[in-house]
Amino acid sequence: MDIRHLINIGDVSLEWWESLYSLCREIMADPHAFSDSCRGRVMASLFFEPSTRTCFSFQTAMMRLGGSVFGFSDPSSTSASKGETLADTIRMVSAYSDVIVMRHPSEGAAMAASLYSEVPLINAGDGGHMHPTQTLTDLTTISALRGGIGDMTVGLCGDLKNGRTVHSLVLALSKFPNISYCLISPRELAMPDYMLDFMRKNGQRFIEVTSLESSLPQLDILYMTRIQRERFIDPLEYERLKGVYVLTRRKLDRAKPDLLIMHPLPRVDEIAQDVDDDPRAVYFEQARYGMFIRMALLYQMCQKPRIKPAVPESAGEHLCRNPVCITQKNPYLPVLTKEDDGLCCAYCDKKILTI
Amino acid sequence: MDIRHLINIGDVSLEWWESLYSLCREIMADPHAFSDSCRGRVMASLFFEPSTRTCFSFQTAMMRLGGSVFGFSDPSSTSASKGETLADTIRMVSAYSDVIVMRHPSEGAAMAASLYSEVPLINAGDGGHMHPTQTLTDLTTISALRGGIGDMTVGLCGDLKNGRTVHSLVLALSKFPNISYCLISPRELAMPDYMLDFMRKNGQRFIEVTSLESSLPQLDILYMTRIQRERFIDPLEYERLKGVYVLTRRKLDRAKPDLLIMHPLPRVDEIAQDVDDDPRAVYFEQARYGMFIRMALLYQMCQKPRIKPAVPESAGEHLCRNPVCITQKNPYLPVLTKEDDGLCCAYCDKKILTI
Amino acid sequence: MDIRHLINIGDVSLEWWESLYSLCREIMADPHAFSDSCRGRVMASLFFEPSTRTCFSFQTAMMRLGGSVFGFSDPSSTSASKGETLADTIRMVSAYSDVIVMRHPSEGAAMAASLYSEVPLINAGDGGHMHPTQTLTDLTTISALRGGIGDMTVGLCGDLKNGRTVHSLVLALSKFPNISYCLISPRELAMPDYMLDFMRKNGQRFIEVTSLESSLPQLDILYMTRIQRERFIDPLEYERLKGVYVLTRRKLDRAKPDLLIMHPLPRVDEIAQDVDDDPRAVYFEQARYGMFIRMALLYQMCQKPRIKPAVPESAGEHLCRNPVCITQKNPYLPVLTKEDDGLCCAYCDKKILTI
């Protein structure tokens, strides 16, 4: 299965991943052999909201392939401020570029943009919806450091309610064999029901716990995320709990010797600095793996020919009620739906409530 | 005729255009053949006021020639904020670069800057004065899509009073045979007298009308521009008129089948979105032609050797009374005048009133 | 002697300089021969405070070696705003890059950053502490235009109290033979005692004067710096003095015919514009020499292999009392000291007062 755009981590097959990772391994083995692979190619980097790390990772990936990069790194400098629609910005930018990397605060923005692009588009995060290359980064780190994905216990720790990163990781890992989860979070920030349903339906074993320390000895992978104060209704509750979800060197005492400690970065204080020197701490290597898998992805995307996009016919009035869906402020977008256990908005994947 | 800098569309000859467009055709036929043409060359991109689209077009043009780009995209990040003069900024930047692309809010800024540059300088817009590469983009689009320029009726629609773009296009088209104009605008925003004089003097036929719809059937080219609310003294007048100058699919019903609909972009709502799918709508292709002609221009400019600029002697006190002329805030600039139907400021081309 | 990072101009030996300058001469003789030297290499350009000129100089140097550049040009766009430490930013950025160029408002920031970097780091200015590549630029200009460094009288003019640039130049020139100084400044802005001590200890001859005009005839080099109004307690004093330290063409009348007039740029009004055309004014050429020596430096740095940094053990509590030292806001940094005529902070070089 081939894909023209990378919008949604759920869209990619195991075969696609395997071919991408195999290319990534070639690149990691000899990066300089690829330093002319995208010569004469130009990547547009459109960050409608800032994200230094993701932006840098894509930029350096393209540069290491011999390609060039243009674009903007925050919304203030876009033509959108002159009242231009997303569709027109994408049409213009795709006239100049060979591949587009886009981050946008609205859910479904990447899907919307892809409809108007003459060149492949990569979703670098669309609001709280998807951030597929973060997930590819995680898969690459696990594959490279464990020699493959599967037969492991994954601890997901922190804010599991709002954490787009951990949701995507669970979706992606569901394609691999024999993975069980330890879901470690305060009750207020537990994994949402639709994710638990997904895990049950896909036969994935999991337990929900509130203590990081007691869960650590069982884990092969510990995926840490940040708990933000503003997620708590009661600030006292935040103060009471935050220490529980901080990883320290002492807590690691009883962890497995080959544990992998991962984090999407930037970390603030959820991992103590004395953990950094532990060989099990791989979060900075993870950043480097992220650059390599993006090299593989950009290389693949830049091979695809330029096409005239055919915008699909609209199916009537917009029904999506998700207030942060891209369709809310862009009424010209065609109405597109899909079936996923009920009728969903094809942009943001949220259920459409029909009367 | 050769030119060292591209400042003013009026400075270029038909021969120069023909040789540039011929190079552009070679590039369009096989862009990858040129992907090393400016290798090791560096373009300075100095945007003293933001212009995403023009900036992107030049950047990607240089990148596709194998060159590199540095600079700034808005005035806040310039050394000018440390009190540096334009002359010093240009001297410094030209020490680092092989070609300079500059946009500036003051009229005549490009001419002023060129006096201090060791390398060729391209005017990417100097206030309301000139934007020659927009005109080159327009000429390229017409040439490529009609097989040549001439023997056609051109409709110019919208704000013809303040539209630098349409004025430059008229200047440039005056060099080509058998072109007549249909000037479509509200009376408040009609083509200024000096432009009408120019057209009469150059034997160009034109009619002035206020209705887009009734003019459409005669046109081979329709050049749309935006009407800005703030140009009207009476907001009600704006509300009353704006619909008249909006192009819709319905209005196109009686237009010629090979009409070209052009727009300098970004469009806001002067062209309805249902026009986009019409094959006569070429405004997004126009953006791509703009990139290719800028490739040809940069290629040509990068061949020129670095020189020590000799700043001309000043001819006394500044006489230019144009409040947005670059000479107003840069008293060190030499006084330079030229004859063009009376004495003019050589920077901003405005008449100098002598007593 | 080889160095992995360039932090402090005092760390480099005469041998190192000579080998760097010899490479620079090769580059100046045929820049295009080096246009592939850093192909596939990526430079991170981290400007935690803006500096257009330094930023442009490094960027174009890397581009002319065939390398690519990413980063940020002002602090607002850093992940630091998400609460990330300098250490984590550097670890992340060094995962993506082959060499890091960093400017930071805190003294000792470059030294601190280098502890966490997998790749060589170049100090592009750390507060009022060091700016070693400005000094390399000055040495290159003198070497290239005088055929060598030594046997000369150097006039340092302007704010000698706060001028990091002139202090570094004196440190660097102390390695070369037979140089005497004419220190030209208002008494309020005289060279500080510790610098005078350094000069005495190194056997360097100097006189302190308050008149630029009367000193000029003796000088082989005149190094001009800016006097900022805000350095004066009494604004009237500033108004009274500022004209004395402005270089004009008239004052140059009795200067040597082979004088070199240098300035780190940007100049404001400390050098009158009528001096610019004097062949002795080399401050714009100086900018171009700065680009070439940075090419040599980047070329050298990009040859060094990536390493896992081993952060040194801390020696207890922080003792540095310099309020603008990087250690003040980064308590995780290991305490590091060195002996230099008493115990000093190894980051900012300021004396540590022990009780």
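We just call them A, B and C in the order they show up, numbering each chain from 1.
Heads up, the rule we're going with is that a contact is a pair of C-beta atoms (placed from the backbone, for glycine too) under 8 Å apart; a residue touches a chain by one contact, two chains touch by 3 or more.
None of these values were measured; they are calculated from a predicted model.
Colleague: Can you name the chains that touch subunit B as well as subunit C?
Modeller: Touching subunit B as well as subunit C, we find A.
Colleague: Note whether the interface between subunit A and subunit C is symmetric in residue numbering, meaning over half of all numbers used appear on both sides, and answer same or different.
Modeller: Different, since most residue numbers here occur in only one copy.
Colleague: Distance-wise, how many Å sit between the C-alpha centres of subunit A and subunit C, to the nearest whole number?
Modeller: Taking the mean C-alpha position of each chain, the two centres sit 41 Å apart.
Colleague: What are the residue numbers in subunit B that touch two or more other chains?
Modeller: 68
Colleague: State the interface residues of subunit B toward subunit C in the complex, per the touch definition above.
Modeller: 39-40, 42, 44, 68, 70-72, 77-79, 82-84, 87-88, 91-93, 95-97, 311, 332
Colleague: Across the complex, what residues on subunit A touch subunit C?
Modeller: 31-32, 35, 50, 52-53, 56-57, 59-60, 63-64, 66, 68-69, 73-74, 265-268, 273, 277, 284-285, 287-288, 291
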